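Next up: some structures, all given as structure tokens.
The same chain A turns up in both complexes below, where it pairs with chain B and then with chain C.
Up next, the complex of A and B:
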């Protein structure tokens, strides 16, 4: 293996890394007088956007399939697709950062977004425990800093601290779990681990390893009871950071979690069927899913801040998405991947609307959304589509995502063993409809507070429209593509 | 290594490790940590992992600790004031820790290979450092470079978060 060959196969990651360095350097340039600070930050965004586009080009140029160093870097159509999705989410985050963030330290912020994206791409494109852990850490570390980025806001610092403390503890658990798995199998490649595990009897040590590994991922996807950081991080972090945590980090975590449990731990799945539980990772994930759906949906009912509401609904959605992994197999995995992708794009759009409303009214409580219909019909329309898609109403993409998930879970195993989980999820979606509709009621029915109408209607819908239009049109063709690219 | 030495170093580590947490004075905590690291290095040496043992002393007991002390000095930390202890929370914490400990002992006690004694390691012709270099720049080349990116993130983050902003 020569270095040149390695560089060729890791070209997308290398492109993003070089872009990050370039953005850092561009951010340092002084453009004469003070007002040009804004010009400098615009230039940073442009460089970051171009670099991401170039990275997408590099992904497209990759060979059809390749494997490096026993799975450290795996290239298949599936990994290439998800690398592009991660790059697209990073692009939206860059666009969001233009509308939301003050122009101070813009270069560093965008560089952190790009470095986190490298972590996501490595996570998506790796089937080896060491690389997966390094990818998790790279993403996590960048996201902690992005969360605490707004130093003028004490909420941001609180969010960063909470996210960091929970995150570092969770990744310590994951590392312990992974090292137990490594100790039992003597290898770090997922495919070889599966062979070794199927050859030996199930032991308590293996379960300790599996459960500890799952703790870290449950934290990443914000599944209950490891969700406690999410509401504060979503509410306190700068909006682009929150959007990136909720979308990019989640998509990559689900992809890699799916690979670990379905490929690596495949032989020890067990069963989560009602009355026929067999110990393994499936019941663990089923319990996580059930708790997330219950806690997420019920607590979301009581929220008065839109970002907190989105956070609790994210917990519930993590629960739905886990259903596909519990079902297992090709159908279950593709349903999970489809749902998490649709969800990510919808949520980035919703955070885009939140960012614009926040800039106009200075807050993101439900009250700030009152009468949005009169102030900006376009934003109100976008938000209603996002909310209804999250609630899972046909004909929106969210409905099809849930439909595939539930069908996959129903078909798995004999005698509809997962019916209990599907019933719970259906009930949860019903509850969720209520709080999504409350947001829409505030937007469309409530009268705005007096002082807000007097604000000029400037800027709303200027930079964000493009973003939202794109994120609306993405999910359609994606269905076919994801299903087609699965092995 | 004789069992007596093992127990000595293991106890040394545990006692000083606990002292790191219990001590209210940050400098005393840091110095306790040094002793704990030295015990760990001795344990590594007893497992024939000389390179890791030496690195443990050089990097952790040496460089990292100096950094800790620098930071303590720069931030001018004083001994933490004694707080009122929340007994319910600490009892809960102890209970969870004990449960985890019991579970780990139970799990390890039930393993077949935890009861057998392992054969001594085969002596290698090539020394440790050479082997590590070969692995690091051969098989583990990609992770090695990615860790470079990770360190960059840590640097940017540390500078950003600790920089004083002009209003």
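Up next, the complex of A and C:
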């Protein structure tokens, strides 16, 4: 293995890293005498966008499959697909940052987005505990700073601090869990761990290690009861940061969580069927899923801020998505991947609408959305598609995602053992329809407050073409891609 | 004779002390120190496992010790980011007590 070969296989990550440094440098350039930040920040966004496009090109050029250093860097069609998805989500975040953020320090902000993206790509493309830990931390540390980035908003630093404290505690748990798993198996590669674990019965120390590892990931995907940071981070952070936390970080975390439990801990699955509980990770994930669906949906009913509402609904969606992992197997994993991808793109779109409404009216409470239909039919239309897809109504992608998940869960347990979880998820979806429809009711029925109508409207339509691109593509090709690329 | 079990008990106690500190203390700086304690508990258990996990050739498994160096580096980065956020918060609020940080709530 020569360095040249290594560079070839890690080209996408290297491209993004170089772009991050370039963006940082471009952000420092002074353009003439006047501090015309606008031009400099536009240039930064352009460089970041080009770098991300180049990285997608580099991913496409990767070989079909390769494994480096015992799984530290794994290249399969699946990892390539998800690297492209992460890059696309980062691209949308860059676009969002253009519409939302003030142009101060744009270069630094975009560099952080790119660094977080490298973390996501490492997470997606690794089957080794050390690299997974480093990917988690690289993503986490960049996202903490992105959350606290808006110095003019007092809530931003607070949201960043809460996210940071919860995140560091969770990653300490994961780390301790990983150290116990290393101790039990004597190796850090997931495939070898599975071999070693299948040779021994599940011991208390090993079980502690598995549970502690799962705690850290439950934090990352915002599953209850480790979701407490999510509402504050979603509400207090700058909108692009919130969108990236909700989409990119979540997709990569689900991919790596799926790899860890299905590949690494595969032998210790146990069973979550109600008539035959066997200890292992499946019952732990099942309990997390049930709690998330309950807490997320019920608390979302009481929210009056759209971003907070999206955060609690994100908790509920994490619960649905875990269903696929509890079911396990090829079906379950592909359902999880499909659902989390669809969800991520939908949520980026929803946050795009929130960003534009926020720029126009200065807030993101439900009141600020009143009468959006009259002000901008395009945005109102986009938002209704996103909301209905999140609720899971039939013609939209969200419905197919839920459908695959529930079918996978029903088929998995012998004798329909997971029926209790599926029934709970169906009930949760019903409840969720209520609060999504409340948002639509405010947009389409309520009269706007008086002072808002006098504000200029010119900016609202600007992001429309971006949102339409995000708005729901046909689910068929994506699910076919995911299933075809599974090992 | 100090066995693997002794090391694991110490690291477990360290981790518990750190977690208790994070949950119970009210000063951000102390919470911060407790976080580092939790990381170091993981370091200790990794090094202990590495030392006692002797390969057939007679040398310990050095993978985990490399892991520990990475954790130390990441810990330093975490401190830098965390202190920066605390400073940003202190400029806005003039406080480092968690009870006073309550703008965002349910």
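Heads up, the rule we're going with is that the second predicted complex is superposed on the first by the 476 of 487 C-alpha atoms of A that agree within 3 Å, B and C clash if a C-alpha of one lies under 4 Å from a C-alpha of the other, contacts with A are read in each partner's own complex, and residues count from 1 in each chain.
Going forward, contacts are C-beta pairs under 8 Å (C-beta built on N, C-alpha and C of every residue); 3 or more make two chains touch, one makes a residue touch a chain.
What you are looking at is a predicted structure, and each value in this text was computed from that prediction instead of being measured.
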>> Contact-wise, after the overlay, does A:105 reach chain B, chain C, both or neither (first, second, both, neither)?
In response: first
>> Quick check for you: in the superposed arrangement, does A:114 touch first (chain B), second (chain C), both or neither?
In response: neither
>> Output check: A:442 vs chain B and chain C. Expected answer is one of first, second, both, neither. What do you get?
In response: neither
> Looking at the overlay, what does A:145 touch: chain B (first), chain C (second), both, or neither?
Replying inline: both
>> Output check: A:134 vs chain B and chain C. Expected answer is one of first, second, both, neither. What do you get?
In response: both
> Does the superposition put A:188 against chain B (first), chain C (second), both, or neither?
Replying inline: second
>> With both complexes superposed on chain A, which partner does A:10 reach: first (chain B), second (chain C), both or neither?
In response: first
>> Between chain B and chain C, whom does A:73 touch in the aligned arrangement: first, second, both, or neither?
In response: first
> Hey, what residues of chain A end up touching chain B and chain C alike?
Replying inline: 130, 134, 137, 141, 144-145, 148, 151, 205
> In the complex of these two chains, what residues of chain A are touching chain B?
Replying inline: 1, 3, 6, 10, 17, 24, 68-70, 72-73, 104-105, 108, 111-112, 115, 118, 122, 130-131, 134-135, 137-138, 141-142, 144-145, 148-149, 151-152, 203-205, 208
> Which positions of chain B touch chain A when the two form their complex?
Replying inline: 103-104, 106-108, 110-111, 139-143, 146-147, 149-150, 152-154, 156-157, 160-161, 165
> Hey, which residues of chain C end up touching chain A in the complex?
Replying inline: 8, 15, 18-19, 22, 28, 31, 35, 38-39, 41-42, 45-46, 48-49, 53, 61, 63-64, 66-67, 70-71, 74, 77-78, 81-82, 84-86, 88-89, 92-93, 101, 103-104, 106
> Where on chain A is chain C touching in the complex?
Replying inline: 129-130, 133-134, 137, 141, 144-145, 148, 151, 154-155, 157-162, 164-165, 168-169, 172-173, 175-176, 178-180, 182-183, 186-188, 205, 231-232, 235-236, 299
